[in-house]
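Next, two complexes with chain A in common: one pairs it with chain B, the other with chain C.
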Partner chain A sequence: MIEEKFAFGNSMIHGLSPAVRIVSAGVLSSCAALCDNLYMSGAYLGIALVLCCMAKLNWKDVLLRLKPVFWFLLMIWIVLPLTFDGEVLFKYGILEFTRPGIELCAKITVKSVSILLMFTALIATMSIASLGNGLHRIHVPDKMVFLLLMSYRYIAVIQEEYHRLLRAAKFRGFVPGTNLHSYKTFAYLAGMLFVRASLRARRVHNAMLCRGFHRKFYTLDLYQPNVLNTVFLTGTCLAGVALVLFERVWM
Partner chain B sequence: MTVNDPINVIRLEDICYAYPGTDTNVLNHLDLEINKGHRIGMMAPNGSGKTTLLHVIMGLCRPDSGTITIFGKVLKEEKDFVPVRSKIGLLFQDSDDQLFCPTVLDDVAFGPLNLGFSREDAIDIARMTLERLGIEAFERHITHRLSGGQKRLVAMAAVLAMGPDVLLLDEPTAGLDNKVQKKLIHILNRLDIPYFVISHEFDFVSSVTDRIYSMENGRILKDDEIHIHRHEHVHKHGRHPHIHK
Partner chain C sequence: MHISEGVLSAPVLVSGAVIAVAGCAIGLKKIDYDHIVHVAMLAAVFFVASLIHVNIGPSSAHLILNGIIGLLLGFAAFPAIFIALLLQAVFFQYGGLTVLGANVVIMALPAVMVHYLFLPLLGKSPRLSIAAGALSGAGAIFLSSLILSAALWLTEKNFFETCVLVMAANIPIMIIEGIVTGFCVTFLLKVYPEIIPGQKNGNTSDRKSRIEKGQKNEV
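Our next item is the complex of A and B:
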């Protein structure tokens, strides 16, 4: 269901504390999002690639991860150059490709790929549990951290419940089609799923009460503060801020 | 009155309970005592109210009438139950309800952390409990990727890690293979706290308990009212253990 393909590794990035990685990813990607210059966005792509190398990611898996984004970008490349006003770069029959359109596409492509790569290198390299821990450390409200961890834990259970219901329906000869009976069956399935999910929520809450839960969130992982964390955090923040300033002042 | 009798661990008197919105009493003037040294087994048909009974003891279902006395105190409101819950270990019928932390170690340490143990102590307790059940290898595993039987063992560890004074187990053997069942039998037999085990497996119940109760019409039937035994002769129930009244 939720694969944590990159979460376990022994690179330098994997050894950093989750909080540091979350903050770095946040800072770097905001800076990249602010960038409005094609050449500058190349610098962010460079940083993203360096981070991926540092995390020793398998390039093939990374490309697979980016696949959905490529489809989105393809759409943009088809639509934007043709519909944007401005200097015409070249003509093909009645189709006119404009320079600003192509530039915008290139910018969007480079920026979105770099932001995704940064997140892959920094955030996807930790388990959801560590992510929860990191968010807790940077004072994200407990309720939201809980929401994340609980969704992660129970999405698989709910999916399994859905498959069980669907299987039960299929075993009794249900063939999905485009007719009223199928729609009704799917409505029943969805309804049942909600009922079961809410009953489950109540039981889980009961189980938590039985184990002394009093609305406080404890975490086990403890990342020792070490120099590497500080150096990395300072490095990424400085790089981000420097690039933004450079663009504002000189470009 | 025996309310302050230290022998009494859990005592239910004249409990009636119907689920909200229904009018059948799942528990109907039920009495139950769990005392020090008691190892009680409960075998009763599906839907007879066993799970409900355990939830009433834990204060998760509030009875319509009757008194619940636990560790010598009469419990009425939610706040009375809070301190008691951490001393009663309840193993839920469905382990997915009980295990909600991302990793096994997190989950087993959850209880001790709530009890106020430090991080290090909680981890120590969790590791020791996992070892005791022979599942220390799962420590780093992602909870929802375990098999049903493995989840059950982890849930058992989570319950034992709280250091309970009494155990309530709701079908602990469901989905466990023979080897793991033997291990569970061994563990239960070495415990020195009273427990109450619901199960549908006669062999298991008879090897971990010294009295077997049943339930009918919302009330408990004691040993002397039921006879549970193994038949060697031809019988319409086949060779499965079953309950006679």
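Our next item is the complex of A and C:
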């Protein structure tokens, strides 16, 4: 169920160092989040699309990945134009669609899609191991990186554990429904997940100590210093700052 | 419970990020290397719990369980929830980078609050334990939706109706999380009390002696 569809590829973005990609994604998406103008946010959407092309992403997969966001956007397009105060753009019976509401919806749509595309192009294109490596390079505390790698390693195991427990319950004739018994079963199931996770944590910790673990993971991915990294980082930072300044001064 | 990208204003995003960083810093300081695997494992359970769907009438909702994560981890819930949300963003694209701080605060701050409010009540008596568990489950969701609404309202006063909708939509979730957390806590107290911080009959040797005692009584 959990797969990293974009993590391995052969494009310019995939060849960049993870730290550079994390920093560029941070800078560009912060600039896009600060943007308060519909036309300017179109510029960020353009950058995001260019990044997706540079990463040679499969557009169908990208659209599938954005599906939860589209549901959210659909919801706000239903709620906001009706609940916002302001100039009424058009009326349908008692329903009044206001101009500021629709403008805000459009702005949110463009901004959220562009920030998520930037995330997909720059962060989702690396494996979690590389993400940990990149976070370490930008001086995120070692414990945080450790937590990330360790939880990632065991998510699949715990998910398997959950499926096993659920299968066992179903074999005993459990049919989920809207009743206290079902909720109780799920509560015990979640409780059992906590118990097994905690016991496993103890075993894993002991096993790590036996193998001489001393608070550090070593990476096998070595990213050679590359002039492309510097160029890309400078380019994205300059583009972000330029767009923010442009919006502040001229808009 | 997530806020999507592009909704919140810059001051709200920045304050969310600052609170999240501060919470994570405190949390990381409280985790030592002997417990870090435990925290990572519980973060993984928190992630998997969001894939567990329970029925509500014709619809369904996924479990959140930030209440119980708070009870079990205290301030360490901040980094654990941060990691789970980051992984969710990478795998499923629920939110991106800039809103991550705000989403961490929405989930983790209530977790820490219920830890300090309800943990002392656990294990006193079976009834009190189930009530404290239920209150921490429902309370965590209530506080989460309150923080979410506050973030929306601070962004734009016109979001008020949306805030009311958000709170109303979360009422069934509160009830379900309350029930599930209540039962889950009593289950953990019975089966594996050492997972809950501050439980006296915690360590394994005690448990062994209790089991032996039980066997003797049966004989």
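Just so we're on the same page, the second predicted complex is superposed on the first by the 236 of 251 C-alpha atoms of A that agree within 3 Å, B and C clash if a C-alpha of one lies under 4 Å from a C-alpha of the other, contacts with A are read in each partner's own complex, and residues count from 1 in each chain.
Assume a contact is a pair of C-beta atoms (placed from the backbone, for glycine too) under 8 Å apart; a residue touches a chain by one contact, two chains touch by 3 or more.
Keep in mind it's a predicted model, so treat the numbers as computed, not measured.
When the two structures are aligned on the shared chain, A:200 is found in touch with chain B and with chain C. Of the two partner chains placed around the shared chain by superposition, chain C is the only one that A:33 touches, whereas chain B remains out of contact.
Of the two partner chains placed around the shared chain by superposition, neither chain B nor chain C is touched by A:225. Between chain B and chain C, C contacts the larger number of chain A residues.
Touch criterion not met for A:15: it reaches neither chain B nor chain C. In the superposition on chain A, contact of A:235 is made with neither chain B nor chain C. In the superposition on chain A, contact of A:208 is made with both chain B and chain C. Contact with chain B, but none with chain C, is seen for A:132 once the two complexes are overlaid on the shared chain. When the two structures are aligned on the shared chain, A:42 is found in touch with neither chain B nor chain C. In the superposed model, A:152 lies in contact with both chain B and chain C. Comparing which residues of chain A touch chain B with which touch chain C, the overlap comprises 4, 128, 150, 152, 154, 157, 200, 204, 208. Residues of chain B touching chain A in their complex: 55, 58, 60, 82, 85-86, 88, 90, 92, 94, 96-98, 100-103, 105-106, 109-111, 113-115, 119, 122-123, 142-145, 158, 162. In the complex of the two chains, the chain A residues touching chain C come out as 1-4, 25-26, 29-30, 32-34, 65-66, 68-69, 72-73, 76, 79-80, 83-85, 100-101, 104, 107-113, 115-116, 118-120, 123-124, 128, 131, 141, 143-144, 146-148, 150-152, 154-155, 157-159, 162, 176-178, 180, 182-184, 186-195, 197-198, 200-202, 204-205, 208, 215. Looking at the complex, you find that chain C touches chain A at residues 4-8, 10, 13, 24, 28, 31, 33-34, 36-45, 47-49, 51-52, 54-57, 63, 65, 68, 72, 79-80, 82-84, 86-87, 89-94, 96-99, 156, 158, 161-162, 165, 176, 179-184, 187-188, 191-192, 195.
By the touch criterion given at the top, residues 4, 127-129, 132, 149-150, 152-154, 156-157, 200, 203-204, 206-214, 216, 218-220, 222 of chain A touch chain B in their complex.
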